[in-house]
């Protein structure tokens, strides 16, 4: 399969990992949700990320999931999260998934990093650990990792590490960072792909600032695709109309921790996975939550009809 | 002026502190913005909170701001933020503002608290420091303070400290916390007022869960008031229609740190304050930000007309 | 091999993992350092802890290290660190090492835990994940984990989870915690073993408060053993004389991060391992550091002769 | 009084703030402890630091304490801690104490700073806030502040901000930082004074690396002075002999939080202050603690006699 490059754009959906109610991996749903994402417009997939409950899997399970999804995704590029506390584990998983045909790997910084030098030093080590020539996605998500990367740090990483071809952008607030990165490129720096996370909650503005698309797991990937395509085509108003229709649900699904149960509930309801189950410790949404989500889904339906 | 009680409901607007471009306090705008909030439907005001740039003021300035706003607000209850690293500073400011006619004080936990016992212990000390009989609002805002309060901790605070009459609820995700608190009350616990922060981004759901209103500083307080009133009257659909119209801006203004510059920009544009200036270190919004905000304001205008 | 019980006492040495200069595991030194620890008075071993560079190993390497050490240690109980971000990984490693003959497993809390309920909830899950009947050591090390456990939380864990037989105590300051735990036991709570970490820097006082021994990796385990034995025999003065002689080095070796390179340097010098190498990223001590350590070793030598 | 310069060396004792048992400031003890520090060899004083319980004072109390100590200290330079969440408070207190004759001010970074750019930006603002020409001491104490400053950040601060004349060094581990700073100076960077904190627990090594002395509050300042003088005179062995004698107590007093009660207990016992009381919330040492301290003091006495 083709490797990830700086030219990547579109929508890389962060895939859930489907489980049976007993906590075992639901392999058939893994196929089904892969098909679902593709059908709804995904231009790539990202697996074994935080929202894929990756830390809950054993290494053997992680490899099995990767193998299944990569095979099923066919020509679609699949990025695999390989973040780990140690470099040896990154090397092991990265080598395995690249052999299976992954397009690249995604690495978030370990929580203890503080200074600029620690962060740039870490990415040099992590790129080496990922393997020579393996495309790397840098995940910049301070709310989850506790690590803050200044624009100058990202610029240094881009300058020093040719393997880094993409930024998964989910700093918050993060809009000025996109502008600053694109300005550095206009001044001669190597261009990288910027795909945005955070559930897509700033997607129109991010596209306006120069992002190349989305890398997030919202349960209606077709919205992400439409917004990205419309923005890319310059039709910002229509993009924002569609975005605004989904925004109440985007907001609800973006709640840290709690959002994943909602996402799986919606995906199960849409038939993409058989069960909304999270692996332990994780629970089905409470009845109050289900009622709120159902209300938002009904209103979404109405609003989309008005927009047609 | 009347003291704050467990029966408080409605919209307590978190007031900005207006500055001249040179960084000095703009006293006339302080009057103007107080009038503006009242005119737009505030049922109370909260001053010297994080969004009021309180940590940037000297103690003398804090007292001057409190005196001016309390006088201007007339019968409207004014809650004053008195959070401080030490208890003596809490005592001093609390005594001063209660003398001026404040309705109560708001206290956020210091960042170093970790265990349940540390948190309940702190609030016992802080209530004593605030002064005998002074109504206290507990601010539960983990994203800003780093302190996580379990529902059982809040229940213990309510049980042990009769001075605590209100929760400023801005945990995220926090909806189950409201449900749990109201359930504890149904089981016999003393009822307290719950007003919600976080820029109002979950206001309809929070009202549905049993909140009494909002305590936040969104630049269109009339939205907060309409949503709270409609929810209280049981018209959830109309409430959500109005909320959804404002949501793209609510979301934009809720960005940590960056949001305050946007809020002041909008308030200045609406004539509520003379200048959007933040006190140093703080800056006017960048041109890209202004363009995005203006676009959201124009779309809001259109959407509100459709809703009429 | 016998399982770990609440009666464990003495010195469980936290074992280093020896590497060749190229970063591969030095299996012969693994045997040698195991023999060394036993010869110097270890009554147990703890492997795959933070100081064993466990996060730098792959899962296969972790299992290989455990197998080798458990076999070599013979009758000596071996505790294996199985801390992991997810429960499935704990289950997998715990089952493997218990099969090999480990005496129990040690689990530190994941960094994100904050409230008392989160911590007690986690240990319930972690004990279940470790496996029915598997003895569990709770590692209480806030400086490294960021998780603060109140005494009441530890009491609840002891009351609720019979699998928990030992506390690895390294809160700082932590002396009152030992006193409080022993008081709770005097009042009827189940007694657990308390072994102390932190490089042993408070060992005499910890023993005086009721600790059962040490679980730490100081490069002179014979000091730990002598101090523990003398304290247990009531000879506090001789215990402190010996402790004080080593204290300048204890203090130096306890430096977070930097201390491990020093420890390995001393162990290599003492012939316990072939190379002082740390696995990447980790480096040999700088020349200034080596000079300081050599000076402390020379002074230690002199001081021990004075004490004889 | 003379201003602090880059040439400062010796022992700046971090002064306690004495309280009566009822929590009010004990002004007579303030004089007495000032005299005590001078008598025991202090070459300067630092007041209103963390160990001076500064956050527990009102601004008026802070100014009163500063005025009293500066007057009493006569020719001895007095550094005043002016750290505050906002710049206006720094300006206010800095102006006040410099007027009283302070030698300079000390500023620790606010806890939220993460990136190198945030830290250097903050010190530029803080120096401006402290006032033109006011000598500034940078406090580098990550364990307490949560802010990590790379050597390159310190170098940039030294290069950009001529007001910064001293580093209060208490990173842990921090020895390589002293070496790196002195190397940068050897390569042409402006030299600053480096005084070391952390209770003095690495003082001999710090002096060996090029520090100019100590800035800490150990209850036996005469030890700090002797060690600094002996190291400066090149008699490292005698310095270490004296240091080692006190080390068991240094270690005990360095416990975060708990150590201050011990320090005040010892100072009261030595007659330097009338009461060991801490201002609320803070408590006298528990009986077990007192017994441990008394034991260490008795042993210290014996050991010092052996050394004579």
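In order of appearance the chains are A, B, C and D, and numbering begins at 1 in each one.
Please note the rule applied: contacts are C-beta pairs under 8 Å (C-beta built on N, C-alpha and C of every residue); 3 or more make two chains touch, one makes a residue touch a chain.
Protein names from UniProt, one per chain: A, B, C, D = 4-hydroxy-tetrahydrodipicolinate synthase.
The shown structure was predicted, so the numbers you read here are calculated from the model rather than taken from an experiment.
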Each chain counted as touching chain A and chain D at once: B, C
Chain of greatest Cα-centre distance to chain A: D
Between chain B and chain C, centroid-to-centroid distance (C-alpha), Å: 47
Centre distance in Å when chain B and chain D are each reduced to the mean of their C-alpha atoms: 38
Length of the line joining the C-alpha centres of chain C and chain D, rounded to whole Å: 33
Chain B residues counted as touching two or more neighbouring chains: none
Complex interface listing, chain C residues touching chain A: 55-59, 61, 85-89, 92, 111, 121-122, 125, 279-281
Parts of chain C lying in touch with chain D, wherever the complex brings them together: 172-173, 175-176, 179, 201-202, 205, 208-209, 240, 243-244, 247-248, 251-252, 255-259, 286, 288-289, 292, 299
Chain A residues touching chain D - in the complex, by the definition given at the top: 114-118, 142, 147-150, 152-153
